[in-house]
Amino acid sequence: MRILVSNDDGYFAPGIAALAEALGTIGQVTVVAPERDRSGASNSLTLDRPLSLRQTSNGFYHVNGTPTDCVHLAVTGMLDHLPDMVVSGVNHGANMGDDTVYSGTVAAATEGFLLGVPSIAVSLVSKSATDFTAAARVARDLAERFMRNPFPRPVLLNVNVPDVAYERLQGIRVTRLGKRHKAEPVVRSETPRGETVYWVGAAGGAADAGEGTDFHAVANGFVSVTPLQIDLTHTGLIAPVFDWLQR
Amino acid sequence: MRILVSNDDGYFAPGIAALAEALGTIGQVTVVAPERDRSGASNSLTLDRPLSLRQTSNGFYHVNGTPTDCVHLAVTGMLDHLPDMVVSGVNHGANMGDDTVYSGTVAAATEGFLLGVPSIAVSLVSKSATDFTAAARVARDLAERFMRNPFPRPVLLNVNVPDVAYERLQGIRVTRLGKRHKAEPVVRSETPRGETVYWVGAAGGAADAGEGTDFHAVANGFVSVTPLQIDLTHTGLIAPVFDWLQR
Amino acid sequence: MRILVSNDDGYFAPGIAALAEALGTIGQVTVVAPERDRSGASNSLTLDRPLSLRQTSNGFYHVNGTPTDCVHLAVTGMLDHLPDMVVSGVNHGANMGDDTVYSGTVAAATEGFLLGVPSIAVSLVSKSATDFTAAARVARDLAERFMRNPFPRPVLLNVNVPDVAYERLQGIRVTRLGKRHKAEPVVRSETPRGETVYWVGAAGGAADAGEGTDFHAVANGFVSVTPLQIDLTHTGLIAPVFDWLQR
Amino acid sequence: MRILVSNDDGYFAPGIAALAEALGTIGQVTVVAPERDRSGASNSLTLDRPLSLRQTSNGFYHVNGTPTDCVHLAVTGMLDHLPDMVVSGVNHGANMGDDTVYSGTVAAATEGFLLGVPSIAVSLVSKSATDFTAAARVARDLAERFMRNPFPRPVLLNVNVPDVAYERLQGIRVTRLGKRHKAEPVVRSETPRGETVYWVGAAGGAADAGEGTDFHAVANGFVSVTPLQIDLTHTGLIAPVFDWLQR
């Protein structure tokens, strides 16, 4: 099995090293990741300049672009074969609920999926993550399952893993995305040169974290697996908007 | 009515000037847009540095960040009141089907919606757009309709306007997003210093452009209005993935 | 006379508008400036991506690069004729003493000079500059003098203008660069996400501001004109270093 | 001896690893270098955002800024003691003649010098450099000499090393900077989206490469050591400019 690995924390992040190591035991891994931290990059694509691809001494490739750029470049221009899977992560921090809109980790997997490849985004639910091995092992479990028992068509899975030892995980829950409260307001600050600047504030707390959500699963010690789709159409509103436009 | 206007082409783009002018006839407009072209920025948020806000001589504000940053900063830190609407555009070029995943124009409207404000993204379906007035007038029509006849809860609308005179538009169609074929491969090039670099290739052509899609509406001269949602959960796959994990 | 105008504050800055207007009365002006504020850019050249050139509705060109990129691109690829002069500014803030090492304003003029064109950098010594007309007029006076009475070979002049009305300027002094004290230390700060970050601190105060320096001239109400060179060789140390290497 | 090591190729470059290893045998080395390739950065300082400092598993620090930022941050905010030396490099490629104006390698050393520390910039004169050990050993020789036999006041040395084995170096020459011909024109190219873009062209060939210059020393197999200064005043033009302004 050929596995393309990427992330949004940068090629040097401990989470991607753990992931590449775990997946390397079951398949042929190629790592192509951003040259620097691109957290929050969402699905941004670099259109105004070309991308460079470089290889480090440990064999990882890095690209001066976004997570989406990395997977796009690897799949459409660099790899000789279409990979069998794209696995993105292990992200340092959760990607649940509305986080998925902004997440570069999810975006890397989304790009794989858009290019026709089964793809998984894996995040460790922890602020001070130091041990990525449990999450990496969960990713390997899922990848092995894909090998043994492929899905009839490509899927896109968003996986969040509680920050406990592998043995202490309570199992896997298939979930829907929860919802967060609105983000905190921007934080005003001043530069040493007297200019006012604004930091984007913290993400909101969980607003819909009820049973069935990713928030709920993780809070109860389960790995959360959410199948994602990329069609943003709000089907349920097509008729109401039609009516509204008649009035 | 207070209207926040943004885009992804930059505050200096002719499309945003046309939009601000058209909306200025029906409400109080504040323009907050990126300081430079950020096409393809998707929902990326700037987390590793603070944002600056500056005003130009024509009253527009610009931010050294993404479209999402602009709306986020305006709504959570700059404006005294929550705006009644966010309108993003008029984008130079279509945002249909899978384009919506990458689009900064759609992202600016999405951020408004996530912050609780009815939001519209408006794009002109044209490669060599020179006249944004028809699209701007369509945006004004929709905004007026929101004033006269508000929706019970905030909606997010993605609007694509054919590049013809306003009088030649065939009407409005409420649509679902179509699908594109996979993007073209990256284009290999060489720098004057002999390094290999790669340009992201062109978007794929329309793959699902059947009746009911945005592609179909626009191809037939209609304005396409697609209601969007931001929950990426693939509800239909929750049960199949559950089964798959049992095997 | 053909004059190329650039700066480091960006093409939209009031200082470059004043400069272009003043020089437009005596020659044919082309403005090519950075698309965003690039203060502190020094002589940096963009080597890892290509540059785009765009024109605004007022005829100014902007480049997604540094001040050096702007002049380099204009002179070696865009203009049909070598300009007769490059004038950079009017910068918002002084460029005296060691500032010249970091200044993008000086760098734009330096690039003109390196490409064989007489070049002037013009800065307004003010933190809250609102009126650039006096400094722009000084630039025009100097450019006129170049027309009437050309120097035998290209020169590079660094000009600093006190922030007073043109009529209140005490005259012109030809100066050497003074020296600043070491810069203030970096200022430690924390992001809303709890990361420690560091702002570059303020420039040091004047250390050598004695008679003959740019600091002294400006402090006494005179325009300071410092001829610059770009050969960094410390000729006076060639023999001592030779001796030192023998020991 | 405490030695601060930086470069402009990025903290992961083989040249800085070789340098840190060689200097580690004679002193206590701290590496603080850019997180990505910043060749051509000159003395640019980052003023519009704060800098982050991170450490890799091998102990090197990297900063999301320029070479100048790295040395500035290390000396004024991070290190407990002023270092005894700053050594920048080993750069992949020559920094001779006018290159010094644009070089980030030289800039890192210049920042050390401006902050009062004896500083050396070391470059390997090679396009396809694979072995940095000879250049790193030359740097160590010079640093040892500084230990044994300090200069009465801080100096700034620009060192270029031919790409041959250490044993085949012909010795050391103390040189002045040569001159290059004007740079090649920008190279026009087109993006896959049909936009015209421009790459900065190659540096010019040597124009003044006569005896006594850095070009001449290196061409003859010698290490070139050029003492630099940072006062750009063209002393010899002060009187002529004064006369010119009287006319």
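Note that the chains take the letters A, B, C and D in the order they are written out, and that residue 1 is the start of every chain.
Keep in mind that, in the parts below, contacts are C-beta pairs under 8 Å (C-beta built on N, C-alpha and C of every residue); 3 or more make two chains touch, one makes a residue touch a chain.
Keep in mind the model is a prediction, meaning the values are calculated, not measured.
Colleague: Between B-C and C-D, which chain pair shares more contacting C-beta pairs?
Modeller: Top pair by contacting C-beta pairs is C-D.
Colleague: Which one, A-C, A-D or A-B, has the same contacts as B-D for more than half of its contact pairs?
Modeller: The chain pair with the recurring interface is A-C.
Colleague: Which integer distance in Å separates the CA centroid of chain C from that of chain D?
Modeller: 23
Colleague: I'd like the Å distance between the centres of chain B and chain C, where a centre is the mean of that chain's Cα atoms.
Modeller: Whole-Å distance between the two chain centres: 39.
Colleague: Mark out which residues of chain D touch at least two other chains, giving numbers and ranges.
Modeller: Touching at least two other chains: 47-48, 50, 52, 64, 184, 189, 191, 193, 199-201.
Colleague: Can you name the residues of chain B that touch chain D in the complex?
Modeller: Listed in rising order, the residues are 48-50, 52, 64, 184, 187, 189, 191-193, 199-202.
Colleague: Taking the touch rule as given, give the residues of chain B at its contact with chain A in the complex, in rising order.
Modeller: Against chain A, chain B makes touches at 37, 39-48, 50-53, 66, 68-69, 72-73, 76-77, 98, 100-102, 104, 107, 110, 114-116, 145, 149, 151, 155-158, 172, 174-177, 179, 182-186, 188-189, 195-201, 225-235, 237-238, 240-242, 244-245, 247.
Colleague: Which bits of chain B are touching chain C when the two form their complex?
Modeller: Listed in rising order, the residues of chain B that touch chain C are 12, 14, 35-36, 47-48, 56-57, 64, 191, 193.
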